[in-house]
């Protein structure tokens, strides 16, 4: 199903009437499978929690990863069920930006940009997950070699049992262990896709405001006596805002989930900076994943904030009009630009602006500094268990 | 008396001329009883404080609970004495929203909404108090069974003495102990009612802005050449703002009390998350009350913020008017919507907006992180005393 | 000299041409005496600092008290030298508010308000200083009685030596010790006067905006067709803003000093809440001075914020004008009210608004929580020295 | 190369067509030398890091100093390559401010101001670096005298080896040690020049807004019936804003680097306040450099914020126009002033305003308070090593 959404957003500039939400389909089956599996993992983990010494940062992280995966999946599920309606309306709304006087060249570059971004994030996240698996396998092999434990169980079972002890508490059979691997993998995919999805949407909407601004910049001196010109511009600006607010209404909950998720994991990752790691591959994985996470989160916030930045730009152009003929129209447009502040938002709790990035960074640093004091730097746990 | 206020707010859409503040009445007697009892409890507690090892988080919590109860009660008392005046003016002000062109259908749904909200909060808070009493009784019985203390006093006296040792310091007779039970119960009711009262008022005012917006949305395209239409709309909008500001002036102090109260107890409750608890019923009570408190506080902030959200909505509709005939009127209306920012406020110290919720959440997290360091996780205290 | 300033502000509504800054006068002499004495105390203390174990919270407090006293005194000195110019211009600027159509009744109530406020603060601060001296003397007597130290020095010398050991380091003679007592007393007076001065100025300016608003409220419905009326109103509003900005330019540095001073001592006082105290009189003094300090600081911030609140009030009245005749004038006035945000400011670093109070409170709580961790609760130091 | 930029900015008011970025030149050679040397130092240090006990505050400081130096240098390099274009456009844009009606007197005072500021910062930073070298040499001599170590190496080699042990790890020869000295020196110069550069630019732009404001103040009463006058003023204001935004676009990244750099070193320096120091010269150096750093940072923020302050000033003058003839032009100008908020910005993440200074100070205090708890006050390390 996530891929279905992706296809939808990749085809931003195409006719998408053929998209339909099939209640009975293979995708639907795989969705339900994931939802049930994830729920099983969460419930099992919650049951196992007291035996592991209760609630702490590490168990909270596992729990939040799975819960967020579940919620994001449900969010996408809900969005997919309304996707046909959304994409149809979206296409209708941005129709005017695909025709004269707006150049269609931008559409092509938009398509290339979307594909590029998707590809880069896909490759980087794949590399991240591979590194993660590599670390696990390397650690497992090293542990077997060094500790020389003669295990009657086959390696893969030992490996999984060791990694996911809490699963064994509730479900004793090896076959079921694959559920956890499956859930982790899909969870990672969903998480990366969630950010990618928001980035793509932000790029899509930003392009419309950019087109408007570019067109204004090119023509405003020529047309400064044309009242109709300013009325049309304002109408297009209102439509772009309307598109933004329409899309925001539908994906706001996903944006909120993504932010909470990213901020939690950024804090968590930075908190582990001082923890010692046994192997070089662990260190490589840790720094790679930290940089990747920070980079992706920053790019998400930055791209979303671009909408706000570009939407304020027409004010400068309008301020440079001194002709008195269209003064009223220009003033009206100016007032709209100066008071509307269009921006992607996370359920209205905060709007994505450039200033937000600094505020977030400040909050993260404060949390980090305080939490470092709470979190004793753990020694390396013994290699071969007790 | 609180119930009197409730009746008043339930009848938001009725004629309420019959409401009168009776200085000599049964309600008045019960009010004074509570006020005196609460004062006795606070004074006794303050006297007992040094013997208990001075001021700490736990004693501060008890003190704040009782003081806030007292203050909130006084606030309601004061409000009740002016209630006839307030509700008469309120009804007069919102009169125009109950007639054509505003549909009266909303009034019915408002009444249903108010009753629903009240019922849900009443049931949830009753469940919370019952659970609390259950915990106390369970703990008391278990302690008697396990420690096998042979008490010559009857169980209820021991139970109360144990629960409220500070009362025995000043007032040695068992009969007086019921004061504390009574004060706790009324305090809990007042606290829940305080939040409920603010939520109901917020819903009431929000409905007026919502009606205005719905009416605008439906008719704005048809009437975009009618200057009189925009003048009437702006007049109604001004009246809605006036109503908000009038109500806010009178209940602002209660809102402030409610916020301080809720924020303190949210911080306090979250701080106890890591404390160990002896019985399952304690754990159930703790998590239930935490979730209930967070939920109610969030709902209060969210509902109050809705007024601000809906009051900004007309701007989008006005921005989509391109007709030049009413340009002046529309611009004037726009300017008012864009600069007035009507919102419920806590004595002007902060306004209830969506962004506020995030700010508050951030502040709570920061406080929490710092206070966790101050608050050593206490071991279970010994079951049978020293 | 401070008294001179006070006289000046008490006579806000009189002709004050007679005020003159006398470079050679008794006041000038007493000023210089204080400045030199305070400088001596600071330098002596700095020299003594290493011998006392270096820089810590307690020594920082003494140092800040004396430095702030010095700076505030210099500030007043500078202000006094320009006072004739300031008060002359002030009187000229507020001239129009003392005549028709503004009632002069407000002027009388202003005078009463200023005297009342001064009296209350004077009495409260006197009580505070007396209590402080009482504590010192009580502690000294008790120490002599309990420890039974036979001192050949006369009590007053022992008392002072004990209280101000660092003075003895540099200046061995008893007579010089009175310098410290003198500096402490004048420092306390200056500190209280600083706050009082700002409060009085804030009340003075607020009254002008209040007069304007009251007049508008009374007449706006009658005059809504009178263009000249709105022009006059706007002109008066501009003058009130000009007065505020003129005064703010001159006293801004004193406001900044006062805020830094108050915030530091509020933090410091709250930090000592958990420190144990030996005598009841100490506890009484501590709680009295804490409540007094918090109350005075809050009142200062609240009064200063009132200017901002009342200056925004005309917007509501202007929004209720629907008459089209003066639409342009009303819009122009509205724009000015909505964008000017007049407020007292601390050198432009922050403006005094209601919201500021909450921000400050939040910052104080955060600092407090963090500093409590730094500051180990000190045991009672031994009564009779080592 | 930095000097080249300086020359460029000193000649703000001259014709600078002769400036050219020479790809093959002596400056270019020295640039590359520095870049390569700095890179070597950073890489060597990173390799040496694990041997020194990993990442901590002290090593982070060294690393950040060198990395920031490198980045700032690259930033200047990039800016220099576009300098001819920038300075040409700048000169063209501010052309109108050098002619009638703007007096050219301001230009002269601007030139004097720039030279003064440069001289003061140059002298102070030279004093700082000399003191630093003095401390090093004094400590080295004292150590040799006290510990009486008979070293076969000549003193300078021992001195350098001791100061920069990590260099010896990778590069064993003494000659290469001078690289580090060279890099430190140039790094300090670049750092100081970075701040100076931003201050000069801020002064330059501020002067243009100041000229506009002074001219308005002088003439607005005379010309209040002249529509053309207001149109010209607004046009000039727009051009000043355009100049600001053009310059900001090009130096924003340097501003951001400077802020991060300054804030980090302010935090770091304040954190070391409680650390004990062995020699008086160390204490003098420490306090001098702390005060210098705080002063320079404050001056940078203050100067940059001045642009924002002065750009808002015309609003007050415009509000005092009551003549109806130019009402439309005045309102349009007012709207622009009230909504544009021109300010230098650090890549749009934050704008330089007076309020920012307080926000930054608050953040620094919070960070400081939290970090003091993390940072145990280190004892003096033994003089003669282990």
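Think of it as A, B, C and D in the order they're written, each chain with its own count starting at 1.
Please note the rule applied: contacts are C-beta pairs under 8 Å (C-beta built on N, C-alpha and C of every residue); 3 or more make two chains touch, one makes a residue touch a chain.
Since the structure is predicted, the reported quantities are computational estimates derived from the model, not experimental observations.
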| item | value |
| --- | --- |
| Angle of the C-alpha superposing rotation, chain A to chain D, to the nearest 5 degrees | 90 |
| Chain D against chain C, contact positions shared by both copies (same if over half, else different) | different |
| Label of the chain whose CA centroid is most distant from the centroid of chain B | D |
| Gap in Å, rounded to a whole number, between the CA centres of chain D and chain C | 36 |
| Centre-to-centre distance between chain D and chain B (centres being mean Cα positions), rounded to whole Å | 51 |
| For chain A, residues contacting two or more additional chains | 335, 366, 370, 373 |
| Which chain pairs touch, all of them | A-B, A-D, B-C, C-D |
| Residue ranges of chain C in contact with chain B within the complex | 273-274, 309, 315-316, 319-320, 322, 324, 327, 331, 334-335, 338, 354-355, 357-358, 362, 365-366, 369-370, 372-373 |
| Touch list for chain C against partner chain D, complex | 55, 231, 234-235, 238, 241-242, 245, 328, 332, 335-336, 339-340, 347-350, 363, 366-367, 370-371, 373-374 |
